[in-house]
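Data block below; observations after.
Chain nomenclature is as follows: A, B, C and D, assigned in order of appearance, with residue numbering initiated at 1 for each chain independently.
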Amino acid sequence: MPAPIRVDAQVASLSQEGTASWRLWLRVPAWPGFEPGQFVMLSPGPRGAAPRSDPLLPRPMAVYRERRANGESEIEILFKRHGRGTALLAACAPGDRVGVVGPLGRGFGQTSERALLVAGGTGIASVYELAARQEGRAPGTARVLLGARTGADLMGVSDFEALGVALEIATEDGSLGRRGLVTDLLEAELARDASAHVYACGPTAMMRRCAEIAASRGAPCSASLENPMACGFGVCLGCAAPLRAGGFALVCRDGPVFDAAAIAWEGMP
Amino acid sequence: MPAPIRVDAQVASLSQEGTASWRLWLRVPAWPGFEPGQFVMLSPGPRGAAPRSDPLLPRPMAVYRERRANGESEIEILFKRHGRGTALLAACAPGDRVGVVGPLGRGFGQTSERALLVAGGTGIASVYELAARQEGRAPGTARVLLGARTGADLMGVSDFEALGVALEIATEDGSLGRRGLVTDLLEAELARDASAHVYACGPTAMMRRCAEIAASRGAPCSASLENPMACGFGVCLGCAAPLRAGGFALVCRDGPVFDAAAIAWEGMP
Amino acid sequence: MSDAEDVDLRVELAGIPLRNPVLTASGTFGYGTEFAPFLDLRRLGGFVAKSLTLEPRRGNPPPRIAEAPSGMLNAISLENVGVDAFVREKLPALPEGVVVVASLFETEIDRYAEVAKRLSGVARVSGLELNASCPHVKSGGIEFGQNPAVLATLVRAVRRATTLPLLVKLSPNVTDIGEMARVCEAEGADGLSLINSVQALEIDVERRRPVLSNGLGGLSGPAIRPIALRMVWQARRAVKLPICGMGGIASAEDAVKFLLCGATAVQVGTQNYLDPAAAAGVVDGIRAYCARHGFSRVVDLVGALDMRRP
Amino acid sequence: MSDAEDVDLRVELAGIPLRNPVLTASGTFGYGTEFAPFLDLRRLGGFVAKSLTLEPRRGNPPPRIAEAPSGMLNAISLENVGVDAFVREKLPALPEGVVVVASLFETEIDRYAEVAKRLSGVARVSGLELNASCPHVKSGGIEFGQNPAVLATLVRAVRRATTLPLLVKLSPNVTDIGEMARVCEAEGADGLSLINSVQALEIDVERRRPVLSNGLGGLSGPAIRPIALRMVWQARRAVKLPICGMGGIASAEDAVKFLLCGATAVQVGTQNYLDPAAAAGVVDGIRAYCARHGFSRVVDLVGALDMRRP
């Protein structure tokens, strides 16, 4: 796992996509690279002489992908405008500074023979790189299932299409792909073939359901959790996730990716 | 005096001028007009669903001038970037919303026969409209003396020149106009002719000196004070200015323009 | 989801019937008339006027205010027009139908009682708010509201002096707000207002002095909201008295938080400076919240907080 | 205006010599090693480790944190690795030359004393910080630091148990911080740390529940800085003990404010989450401030506040 850095990054570009999604490219000096599933803590808004103290906390965001652009390393963040912190991010202009700490956490690790990626909402951003690397290493072994309330809410679909991975979409209003929940797609998939490893990221309810479905089919399932965080590197103890075995794991340090069977889902916030 | 309004204005344009000065045009629905010396309270930054709570207080700013632009009323603010609030103002983009309360306070009132306007720093913004109206009503009866540390710090010089008023400039480094303090210009002026009414706005030390010089020459002197304010309309009692006669006046309600002889300058913050 | 227009916003606070639970806080709303250009005062549940003393007072030299993270400090001291001028000049200037609560503070107990007397029987005064966050000269400058025995004597004296609905406004600078609440209940107060501003200090590092001429000041604004919510909740568990909650309310959601913690009504304070029409917006927002969540009466929100572990 | 490199930043805190007055606060700096990727721990005056109990503890279920205006709430409870694992595993992992202050908290006095004993004589531990902001079961869950008599017994017991430099960390949830400071001085503490987080409550209006599973939590961050500065200033006037000040420090200027109010050293807390290298930046900024203002020794800033009215 690359060692995390703390740096003032610079906004290379920001563009809106769909209804409430943004694509943010950040120029990150000395970026050490990342593993799929790792994340960064972002501090948008005024820095330095006149720093922002409200909203106070940095925001955790998955690293969507990385690139070298004219000799500098850049990372892309795909985010949804939710509250005040993401509103600040969405208000950034090219050249603005954004505090970055990362890459943080333990990612999905080496993926297995056949990978079934299930993502919804902001969780989509956490699985793209996983799909990309799996497809690169063993073409045709990854299937991606994406879900949203409506088509316009889906982030990054074009990128997944460009990868050429097998892609299925479900929307609750049927505006894109199949009408229904992404977990319906998962059930169908596993009914056909339960040998794949399930990688899930999205709303807690969705991941919990994925865990249940995979368990019932005897398929292994990894889930990438999205708990509120203050630090992102294991010191505030704020991101605790309850474990089946009792006690808690720290999502930022021991995760965000966990064996879904190890999580006490009923105790998740 | 026009009754004040409270409205979400929209940034029509923002441009930097010199080193640390900005020109801000705000589109203000139902703007009732203003008297020279009156001011507004501005609340920049996010509003509505995700409001800013830091920096908390609105910022008092003189109304520099007003205009009608394609059927809408706009006001211009000339401001210096000082701390966090003016940093937020300087970060505004066209279309951004800025909370406006005003026009507030009592202005310079009807000016007299001959007007000697003395301004420094941000105070320059408070006297422009006074000069404009005096020049319009009785051409040649207003003289304007502007001062700054260095030429690049001076705001709005071109506008005063465009008015065609008699204009003299002093800078401490001599980079523009005479080398020295604007109060030196005032002394020379009053030595030649002490019949003019002095209107002063700028740093407290400068206004205090103007008051002393005018008093020594027996010339009447009005000063526009810049005290920290929380409300701007007489309810927080935060902007108190100490009076010679004892007790305090409220700068926002009883001023910002006062008879300089009535202020207990030694007690000013 | 019911219709916003149908929501019943009326509450009764310490015997004062209010058309809605939103008042404005003492010292942040002047004498009311200053806000006439910005909102119709009759849209509010009522307002609490700037605290009054027996004689007119001048207050502290500048600087009196300073900005703080998500808040502000103030040290205005006792500046006000005095109780008689308030009754003679300020009250008559208010439109009919505006509910006025008069706030009083003083430096000695008998003077407090005298101010209360002079306000009693005045037609336009619907109730009194006793500001106990004032330095008590006799007990070495600590606030009346910081010592249970002193507070008890004060409330007793003022209670004797008036038959008007009596709210006691508590100081947050105490170890146990519940104890102070119980004292007020025992001495016959009709309700509680909390919290007053939190004692604080801001420093000018360049001049190496306090920013305020007075040195210490009171912290108000959103910064203190989580502290205020905690104290309202604690006071609610300590006594049966109705509570008027305040501290950093900037939106209707903020106000609802106080109602949920057990406040019967709320006061908007510092936010009035940022937006002189803020309190009216809070009223509309509470109505919308009730409609959205299917509450036909705002009183059903009072104390509706679920404290069981999720 | 002197040369920044020449500024003498050394201070002595309660008998602990520090290369500079900047430490990091318990619970915000883990066990130190977590920050190795971001800064050289030897650049700091020292750090206070997460509070330790006799046995390892698990802490509260989520949610444990919530954002607040210019601050955050936390209710982590007692979660820590336990005193023995700290000595066995955490301390040895730290580079030489890092000054470590061990913090302890417990629910009963004899257990506090036992933790202090086990930390005494451990080579790498330079001093103890006694966290008194912990609910005292026997006195119905109120904090040890909220009752002078209970605090006295606690400090006495721990003082007997150790010869290490002993800092007592005070709770801000009290009427009179000076009284608590005097109790610590009388019982033989070597210094004071203040303030701990301020008891607070945040509400989820949609679910009509507290945001934190624990209900109440501790407010930290810039929001509480003016309160912390006030309390440090009050404690300074009450006792001679050296003070380690904290509460919302986000910059060197903030740190200087605490020194001016009479703190000998400071602790950076919540800011470590926003910027894991923050404390190092505070050190550099204090040096620059001293140079800019002609202070050749940082100790000359301590208590240099001018309280005369301007």
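Just so it is clear, a residue touches a chain if its C-beta (ideal position, glycine included) is under 8 Å from a C-beta of that chain, and two chains touch if they have at least 3 such contacts.
Just so we're clear, the structure is a prediction, and the values are computed from it rather than from any experiment.
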Minimum number of chain-to-chain touching steps separating chain A from chain B: 1
More contacts between chains, A-C or A-D: A-D
Euclidean distance of C-alpha centroids - chain C vs chain D, Å: 34
Distance between the centres, which are taken as Cα means, of chain D and chain A, whole angstrom: 35
Gap in Å, rounded to a whole number, between the CA centres of chain D and chain B: 46
Chain D, residues touching no fewer than two other chains: 61, 63, 68-71, 213, 221-223, 310
Chain A residues counted as touching two or more neighbouring chains: 53-54, 269
Chain contact topology (line, ring, star, complete or other): complete
Contact set on chain A toward chain D in their complex: 3-6, 43, 51, 53-58, 99, 101, 227-242, 247-248, 267-269
Touch list for chain B against partner chain D, complex: 53-54, 269
Contacting residues of chain C [partner chain D, same complex]: 61, 68-71, 73, 142, 146, 173-176, 198-203, 205, 207-210, 213, 215-216, 219, 221-227, 229-230, 233, 248, 253, 256-257, 260-261, 289, 304-307, 309-310
Residues of chain D touching chain B in the complex: 69-70, 222, 310
Residues of chain C that touch chain B when the two form their complex: 27-30, 34-35, 37-38, 58-72, 74, 76, 79, 213, 221-223, 250-251, 270, 272-277
